[in-house]
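Down below are the structures I want you to see.
Next come two complexes built around subunit A: one with subunit B, the other with subunit C.
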Partner chain A sequence: MSGARRLALLGRAYLALVLLFLYAPVIVMALMSFNRSPFYTLPIRWTTDWYVKLADNDALIAAGLNSLLIAVVTAVLATVLGTAAALAFRRYDFPGKRLLQMLLLPPIAIPWLIVGTAMLVFFFWIGLGRGLHAMLLGHVALALPYVVVVVSARLSAFNPELEEAARVLGAGPWQVLRHVTLPFLAPGLVAAALFAFAVSFDQFVISYFLAVPGVSTLPVEIYTAIRKGFTPEINAISTIVIAVSTLVLVGVARVYRFGSAR
Partner chain B sequence: MAAQSAGGGGRPTVRTLATLLGPAYVWLLLTIFLPLSAMLYFSFLSDVPVGAREAELTLENYAAFFERDFYRSLMLRSFQLGAVVTGLCLLIGFPCAYILAKSIKGRAREALFLLVILPFWTNALVRVFSWTMVLRGNGVLERAVNAVFPEVGPLGLMFTYPAIVVGLVHSYLPYMILTCYVSLQAIDDDVIDAARALGAGWGTILRRLVLPLAAPGMIAGAVLIFVPVIGSFMEPRILGGTQGTFIGTVIEDQFTAVFNWPLGAALSFLMLGFVLALFALAAPAFRRLDG
Partner chain C sequence: MAAVSVSGVSKRFGPVQALDGVSLDFANGGFFALLGPSGCGKTTLLRLIAGFDAPDAGQIGIGGERVDGTPVERRNVGMMFQSYALFPNMTVADNVGFGLRVRSVPWPERRRRVGEALDLVHLSGLGDRRPHQLSGGQRQRVALARAIVIAPRVLLLDEPLSALDKALRVSMQVELRRIQREVGITTIFVTHDQEEALSLSDRIGILRDGRLVQEGPPRALYERPATAFAATFLGEANLFAGPVDGGRISLGDGAALCPSGPPDPGAATATVAVRPEKMRVTAAATVPETGWNWLDAVVEQHIFTGSSLTYLLAWRGGSLKVFEQTLGEAVAVPGEAVRVVWRPEHTVPVMP
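== the complex of A and B ==
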């Protein structure tokens, strides 16, 4: 028995080490955003100057707003397009269905480097060019397959007899969709939209190839700043991004747990 | 039949399908499939066809790869990096997933699981950047090590191959833990208990029971990590400095610095081809593990 206990303790210690590995760098990065020295010298002398400086950094703020805008629009578009596709896959059998489902893989499975450069080449070639519109096109394509997967998972738990019953009671196709199918799907739709938002907001590679000087997203601006030479302002904005996404995820996890407990 | 049972009310009309599927697939056509086709076409061109420039069809870009050691050794180096990072993720991540799935119960497991997948949702670039704070000369790690072992001196880890590996493992470890956890959780605890009751040792249980049943998760994790690592360029650039030249960074250069798009396109498709060839070679082994 004591051997088993020791093993369990060892397991917990190992888990703690892995978590330390995952979190320590991010915590160090966050602490450095409060360090007076722009060269990250130790020991830390505390200041919030870099956050004040950040508020005046128009380029970073503009990039942050671009990121939010693209992520929100991507979440909406990808969720609508992906849900429609998931409904079709769930409801109907038709020739070519397997092929269409397979075609959802390339956006996920092919390295972003290749997809991103391919978009750059093609958009340039057909005269679409680079910029926010090009990034939006790319982000929606990357988020779409995830939405189909998440919504399909929710749909598979759906009892189609509910729709049948609504139809028998005289509801038209749109009424069935609005009052029966969509309410049931709602948690799946929220999850899918959050997923799409995260995919877009974190996306660096695609945006990097489709950005133009002056019009970029937060990850692209951060990367450019890192390449030019570090600055604690980058730590400050990174700390904010990490803190906000952590809060959102913890909040979502709580809501979903309450949902399942109900 | 299946359509009936799914409550679809018979065969769909073409119009219904086009309404539901059309928008999504037109979008993918415009942003994924046509661009990839265009890139394939470009990889056979002698020059970028803009303005008055003459571009003709050629195999030169592919020939360049086979004629010059530079590209071949870089491709090899990238595949080695992919193997090292994937192997380390498996080595570190599998035990972690096992402990989470089999040793920890209830709310503690929920909380720990959330902690493990949380980085997965936070910005990948920021997490790579954070390692520069830890690894740099006179940085946190160097000071910590020297506080305990003063004779060690400067570690010189920043801008080295190990720095790139550490950053990539940090980036992709949550994928492996996640996929292994899902497949391990599906193993019934009673089966393991039964095997132990029948006298099987830990080694036997691991080899004959746990590993085969967890194989799909391990394979999924390995594929999810290996492919993007081979195409990585941001991590080697930030953490590797001059040591950070891989096939991914060379491809990026062709598009952003050198503007030799045809060569970049050819190298991209060669990379994809080698990845597919590797998976085809590994498929029988995968299948054996799976069965």
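== the complex of A and C ==
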């Protein structure tokens, strides 16, 4: 066997391993959500009972809807605010601009446990307390830097003469934004919104700290459920979440062909 | 009445004085070139007229109306950018129709006018394409159609041909001139290419370091440059300087040049410019015609370029250039001593 072929084979084996570690746990979980036995026993005896039971689990469903609501609102708010910030950074020079740009990045690196503790203390101190509104505030703050970074990256490829051309043709500032700048940014905005959605939907620590009994998010609820005792309903809801997010991402990737030149 | 008038306009960017007291009138329906080296302020002037920047001093009028406080989008000017700046997310027809759309022109009229504009630039049938599916020349035509479809009061072109290759550039020059004549729109055209300025425009304004050096029709500027810079930037020129002696410019050794007009009466020294094609290379010791200027030089090089011949001559440690038509006559060879002769009326006094 030649060296090149051996190398190619090694590469494939490596790829297979990476994919295995990434996807095997998820696939096992999805399979077990259809298994009659709650104890992962093989062979699999197919059932949809866990999904039927899940439909009756009001706590999980409510938490799932909360998660969805917070994630969608976070995605919208963070994308709007973050895009405005990215545009301002690009367009204007103002005192403190460099400092502000620098301040954007540390929250990405600070452990969520610390940010979450800080938020909990701070929100109580200013009288905001805990609850859905506090979680939403925390999530938007957390997602904002990601949006600014993603939108700024897209914006750096923007030819400012396009805006000038639109203005000289008679378009006012809002028309320029709507017809020229935003359409160009669209792929970046979708990516940024997805990021924000994911940051919020995945968020456990901050949600856990800011949740009040009875109003929690899916990750918090799953964690609480597991502490009480694992049930295959967790597999079922997790499988639904995985299926939905995979479908959304594949759809978006098809529309915008990430990574390829348009 | 002037379509655009600029009076006493100055603009400073930080330490750079981009424009310094420039006054210019752009006649209605004319094709005006702003010519100068990079950094001379020509693009700044164009952007001030468009309204992207405001002048520090002076006034700008469009169609007899002061526009100082008018924002870009309400000046009703057409502008073509160096990058063409076509909107990548829109089709060709939507690009061209953008100015009408933001003016809320109803759809049927919009469609008709976009069709006419695309006809004018010979792009009918390509309305459904996207900008990235077009060639460089086609993109330029789209940009032009988009700029003129709104019937602007003035068309501003910022180095519109610089991104095209030479052959395409020449054909676009002809095209640009045709379209400008057909539409009859006042056009201001920024370029650093003197040949382009000469061949396209009715009038040329030469800018240098933010100041207007000279302004006039191409022929007049070429034949009667006012300064040494204008003489050498617009075409080529041989410059001679020396003390004024009895209305003649002394070159020393008893040689003296007779200028086309009296030099500045107060000045002790004067500079004259002579175009290379106005000079003739003759055999050494040829007796020049009465009144002609002459000097003796040595051929350094001759360069054959087909229809013409360029002589590089050594003269007093400097170098002269002479263009001659190739008429099949004897050619002076390098090292040969020659006499260069020319008419006094081609000896133009210029400011140094």
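To be clear about the criterion, the second predicted complex is superposed on the first by the 253 of 262 C-alpha atoms of A that agree within 3 Å, B and C clash if a C-alpha of one lies under 4 Å from a C-alpha of the other, contacts with A are read in each partner's own complex, and residues count from 1 in each chain.
Throughout what follows, contacts are C-beta pairs under 8 Å (C-beta built on N, C-alpha and C of every residue); 3 or more make two chains touch, one makes a residue touch a chain.
Bear in mind the structure is a predicted one, so any value in this text is a computation, not a measurement.
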| item | value |
| --- | --- |
| First (subunit B), second (subunit C), both or neither touched by A:14 | first |
| Subunit B versus subunit C as contact partner of A:46, first or second or both or neither | neither |
| Subunit A: partner with more touched residues, subunit B or subunit C | B |
| Contacts of A:183 with subunit B and subunit C, given as first, second, both or neither | second |
| Touched partner set for A:175, first subunit B, second subunit C, both or neither | second |
| First (subunit B), second (subunit C), both or neither touched by A:161 | both |
| Subunit B and subunit C footprints on subunit A, overlapping residues | 161, 164, 167 |
| Contacting residues of subunit A [partner subunit B, same complex] | 8, 11-12, 14-15, 18-19, 21-26, 28-29, 32, 40-42, 80-82, 84-85, 87-88, 90-94, 100, 103-104, 106-107, 109-115, 117-123, 125, 137-138, 140-141, 144, 148, 160-161, 163-164, 167, 198, 201-202, 204-205, 208-209, 219, 222-223, 226-227, 230, 234-235, 238, 241-242, 245-246, 249-250, 253, 257 |
| Touching residues (chain side subunit C, partner subunit A) in the complex | 50-52, 71-79, 81-83, 85-89, 98-99, 102-103, 146-147, 150 |
| Residues on subunit A engaged by subunit C in the complex (per definition of touch) | 159, 161-162, 164-172, 175, 179-180, 183-184, 186 |
| Subunit B - residues contacting subunit A, complex | 1-3, 5-9, 11-12, 16-17, 19-21, 23-25, 27-28, 30-36, 38-39, 42, 49, 92, 95-96, 99-100, 103-104, 110, 112, 114-116, 118-119, 121-127, 129-134, 136, 138-140, 143, 170, 173-174, 177, 227-228, 230-234, 237-238, 248, 251-252, 255-256, 261, 264-265, 268, 271-272 |
